[in-house]
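Given below, in the form of structure tokens, are the structures.
Here subunit A shows up in two complexes: once beside subunit B, once beside subunit C.
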Partner chain A sequence: MWELFVRSLDASIVLAIAALGELIGQRSGVLNVGIEGVMLFGATFGFIVAQTTGDYTTGFIAAIAIGALIGLMHGVFSITLGVDQVVSGMGIWILGFGLTTYIGNPYTGPLGMARIDRIGGMSPFFYLALALIILTWFVLNKTSLGLKIRSVGENPAVAEVSGIGVNRIRYMCVIVSGMLMGLAGGVYGLSYNPVWNYNFLMGWGFIALALVFFSMWNPFIMFGGAVLFGALWQLALSPEFILPGVMSRYLWRMVPFVITVVVLVVMSTRWFRTRWGAAKPEALGMPYRKEG
Partner chain B sequence: MPTDNQIKKNAVLEARGITKRFPGCCANEQIDFEIKAGEVHAILGENGAGKTTLMNILFGLYQPDEGELYFDGEKVDFKSPLDAIKKGIGMVHQKRKLVMAHSVIENIMLGHPHAGEILNFKRVKQEVTELCEKYGFKLDLNAKVWQLSEGQRQSVEIIKALYRGAKVLILDEPTSALSPPETRNLLDSIRTMAESDLAVVPFITHKLPVVLDISHRVTVLRNGKVTAQFATEGATEKSLAKSMVGREVIIKLDKVEVERGKPVLEVENLSAYSEKDYLALKGVSFTIHEGEIFGIAGVSGNGQEELAEVLAGLRSATTGTILLDGEDITRNSTLERWRKGVGYVPAERNEVGSIADYSLIDNVAMNYYFEEEYVPRGVINYKGLRELTENLIAEYNVATPGPDVNARALSGGNLQKLILARVLSRKPRLIIASLPTQGLDVGAIEFVQNKLLQAKKDKAAILLISGEIEEALSLSDRVAPIYEGELMDIIPWTDAERDNVGAMMAGIKPKVESL
Partner chain C sequence: MKIAEHDIRLVKRVELPWWNAALISIFSIVVALILFSLVFVHSGVNPINGFKEIFQFAFLNRNGLPLTINRSIFIFLCTCAFIIPYRAGLWNIGMAGQLYAGALGAFGVMYLFGAKGDPNLYIAPGIGIPLMMIGAMLAGGLIGGIAGFLRGRFNVNEIVTTMMLNSIGFWFVSYMVKEGGPFMNPVGRSESFDLPVSVRAPLIFGIPFTLVVALLLAVLLYWVFAKTRIGYKIKSYGHNPLAAKYSGINPQVIPVLVFVLGGMIAGLAAYHYFGAVPGVFKVARNYAEFGDLSFYGIICGLIAQGNPLAAIPISLLFGGLTNGGRFAQGKLQMGFGVDYALLGVMMITMVVLQFFYRYKIVWIKPEKEISDVGIIR
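What follows is the complex of A and B.
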């Protein structure tokens, strides 16, 4: 039972780190629906580099670096060129799917390295994720930088008049966002499921994306959601642990995706928005151009 | 122009020969003025007189083609609003520049050096509270901005500008969204600011009494040029209006006496929810007769928008009935209502009243597309519509190159004339006119008001929703102040007193003896 819980937390960590990245970007007003693609890049590059060098650290650095690069690319498209952010994000996902399949193909199979040591029975990334979540919450709500980020995401014109470089803040957030997504991909490919196969992320990026909406842009609620989704996922893999014989495992495996759809539908109803209001960054998804 | 050096030294902001050209419209030509510390200096002009351009130049959004700006006697060159803010220019736009989801204090400290790397709420709160007390603003610093009234939001912007160290405070139409008591408070605050040696520059289109009340000096713009500059002392509303428009304007309308006919609109216990899912209209009842203008006076956001929409069939009624000429139309669609003789002049003339990228013909067609005459067997008769549009343009003096231009190309006043033409030409039984003169200049206001009076003579029943107490009182036969979705009272114009109506618009119940 404990084992199942720890294992499900491992899944939650991947979702939480990726969703945290998405959350930071969205708070500054940039939506990245290509999160799955960025994670695939991180997972694949981290996997290849780690296997080639035989060193985990280098692998993670590669995962973070490629994430930053893709984040930057999304920034150039959606901030500087003012492209529709959904289009740019979908492009990143398709690019990630295609390119990682092509590049990673020769590496199909297990990583073949000793597993990363656990600390106190937990994956070290558990502590890292917790620290990152608390840090993000603190920066967003208690610092000047956080106020700037939130203002840019809510109303960039107001931020600009208050002397804030809107594009500079957005670039910063979108790159940090990419780094975290890349890291999440790395954690997936090097720790959670270190066996490379094409599209081995199986839609986790989209679950992370849904988590951000689910969280109402609050890092702590987001983490709670990640724990829930991780547990559901693990349950789907081995339902006989808890409810032996109830429904096929393939049905169970659908559950996180069904919940994702339900969450997104409920969140987009008028009822929900008026009930909870004001949570969604007002300028989310909207390119900003200076006046005059 | 005064060349006396003594005066120049006192001027905190001075413009010399400011010229800005745009292809076509709204330019500034050789604008000169100086604003002194401790002075309230109103800038007056109709829409299109160049006020917005001038404001944008002062705030660094535009750079002038010619001419210079001096701040504290030193030549300045504002490349962006930030440059202007740093020098000490504070700007309060008519369109709010606040983050709605954030608290008041967060909005004020955004980008302010005292905010600190880790937000220093304690210090900023203390300093802002002192500022509020000094100038007489009452603000809950922890409230979210979206919860505040429009007037409170404006106060937040003023405090934000002052906290930023503004020496010159530019206010764009500062009283346009305020109830009369709120206006009085603001004017008191402005006086205190002037006494503390701040320069206050309100830009005003048509609230002439406000100009007379608070300003020391006035600069009047017309067609992008300064046409008059004088001390307010001794000026009258008439003289201000004349220098603004360039001709005599009738400020007070004469009441048009029309015999009240049978009831046209009977509204009973009408309630409706707003966009944000709260009960915005709470059981109102009233009747409007033939040849009567019924005025709803209220500050925006008190349910009058919902009332207009429910009557027009754009919003469903939660409770109550609407009778038109005795027939229940509560469940009728908008189209059925148009056919039965309801005409609607919406408040948002750009968003609801017209389609910006459609031609004037298509915009006129929106009230005619269901008429067999103009759309026989479902095919649009453009020839007929063109003729109709041309006639309306001529009859209502709409300034336009022709009926084929897009609605976007028309100024606010001309667009409103076209919308009015389209509605009134159908000879409606009931006219719902929601803020029909909002944002228009003096000349266009006069035109719209006269057309409504004409419709009254033609035996229409008119529901006039207005935020301007003067307008409501001078046009209406009966006035109902609205506050938080309820009609406070229904008063015949002969008994309506300005102060009394103003107080009711702010939610103060009528005194018992007047009931």
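What follows is the complex of A and C.
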């Protein structure tokens, strides 16, 4: 049972890091629906680099770097060019899906390296994820930089008038957000599921996106959601733990996705919104252009 | 910005004439193909040779052309499934899930007829084929309708819902056709039972009749969006849901309507590929590849700017490119996934050029001797 829990935490870590990246971007008002694409890039490049060099660290650096690059690209499209952010995000997802299928194909199969050592029974990324979440919360809520980020996400025109460089802050946020998504992809491809296959994320990026909506833009709630979801995912992968032989294993695989939809519905109801008060950044998804 | 003597400025477009939009679309396709030639270079193939192989097989080869047309019909139907919600400002990326459902719907009808394990069963084609199409459309529309209903009623993000439904559909098909699932082929190769010979779709010059259905659909959709009240309602909801609400359009009904219609067309796409294309006639083992192929619908829809008639030539081009790409990949010994790479490159070029729908570049020639203007003259 403990093993199952640890394994489910491994899944949660991937989701949490990716969702954290999305959360930072959204707080600055930039929506990126292409998390899946960034994660695929991170996972594939991390996988290829780690396998070629035989070194995990280089692999993770590659994953983070490609994530930053894609984040920058999303920034150029949605901040400088003012392209619809959903269109740009979709583009990044399909670019990631298409290109990594082609690039990664010769590397199909297991990574073939010793697993990353665990620290105190946990994956080292568990501690990293916790640290990143606390750091994000601290920066967003307790520092002047966080105030700037949030004000840019709420009302860029007012932020600009009060002397904040809106585009600069947004660029910073999308790049950091891309780095985290790339890292999440790397953790998935190098630690959680180190067997490359085309499109091997199977929609995890979109689940991370749902987690951000679920979290009401609070990193701690987001982490709670990720832990819950990781547990669900792991149970769905090994249903024999709770209900042996009840349903076909294929049907079990549907369960986490069904639950994602159900959770999203519940928290979208007016009852939930008025009860908990959703703190959606006002300017989310809107391109900002200085007048004049 | 200045280049030589010319001043270059970005000017916001006030209107976009259709020929301008077409020009941008063609330009984006050309740029994508140029970028795509890097894939050939990467595999050590001369890009000109590569494209020649692709186009020759796709459009001039006796074996290749029917494959191209079948793929194009499929992509076109997926494009329509994307376009209808897109006109209402909603994103349907769930064509994959809807078409999985459609495939099960179509074969579900045959299952009820008792066609499992009996490929020689006689079912009157005049009854069986329409029923299969209806089954496919109902199932697809149902799955699409879930996303539309949740969007309209609870304001749930439709991108997440449709994507989740894609995964749900994927596993559900696996359940149905693999490991003793209800639709499993008795011969047991992880695919569904074969369609009885009697209800295989009639062919016109080797092309299934679904071609006619697709063309009629294009005209019908164009007419709906251009002339009818319901088309107008969908478009005005897409421009501004709030304003649409105040002008008496029910904001809960439109999302359901567009997603049900989109899902039905995606279901039809499933019927086309699994029930009508010669040589398939079952839910094939590689059904997920068709789910992936359906994502071309997004790109076609964006390039066509939601115009169903413009989507026809674009679908044909992409049908040819993916089909020829597959062929070239085998013949020139390139890695798997050439058509996927094209999908990605195409999409991102499309995104960049979206910018030009809203802005245009204006070259301003400097006026000569402008400094001479003064009191002396």
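As a convention for this text, the second predicted complex is superposed on the first by the 276 of 292 C-alpha atoms of A that agree within 3 Å, B and C clash if a C-alpha of one lies under 4 Å from a C-alpha of the other, contacts with A are read in each partner's own complex, and residues count from 1 in each chain.
Please note the rule applied: a contact is a pair of C-beta atoms (placed from the backbone, for glycine too) under 8 Å apart; a residue touches a chain by one contact, two chains touch by 3 or more.
Keep in mind it's a predicted model, so treat the numbers as computed, not measured.
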Combined model on subunit A: subunit C and subunit B, fit or clash: fit
Touching partner for A:Tyr198 - first (subunit B), second (subunit C), both, neither: second
Partner chain in contact with A:Ser177 - subunit B first, subunit C second, else both or neither: neither
Following superposition on chain A: angle at subunit A, subunit B versus subunit C, Cα, nearest 10°: 80
Subunit B versus subunit C as contact partner of A:Ser12, first or second or both or neither: neither
Touching partner for A:Met90 - first (subunit B), second (subunit C), both, neither: second
Subunit B versus subunit C as contact partner of A:Gln26, first or second or both or neither: neither
Which superposed partner A:Ser162 touches (first subunit B, second subunit C, both, neither): first
Partner chain(s) touched by A:Leu209 [first = subunit B, second = subunit C, both, neither]: second
Dominant toucher of subunit A (residue count), subunit B or subunit C: C
Where subunit B and subunit C come nearest after superposition, their Cα distance in Å: 8
Subunit B and subunit C contact sites that coincide on subunit A, given as residue numbers: none
Subunit B residues touching subunit A - in the complex, by the definition given at the top: 56, 61-62, 81-82, 85, 97-102, 106-107, 109-112, 115-119, 144, 146, 276-277
Interface residues, subunit C side, partner subunit A - complex: 39, 91, 93, 150, 154-157, 159-161, 163-168, 171-172, 174-175, 178-179, 181, 292, 295, 298-299, 302, 335-338, 340-345, 347-348, 350-352, 354-355, 358
Subunit A residues touching subunit B - in the complex, by the definition given at the top: 142-148, 150-151, 154-155, 157-164, 270-271, 274, 277-279, 281-282, 291-292
Complex interface listing, subunit A residues touching subunit C: 33, 77, 81-84, 86-88, 90-92, 94-99, 101-103, 105-106, 198-199, 202-203, 206-207, 209-210, 213, 248, 250-251, 253-254, 257-258, 260-261, 264-265, 268-269
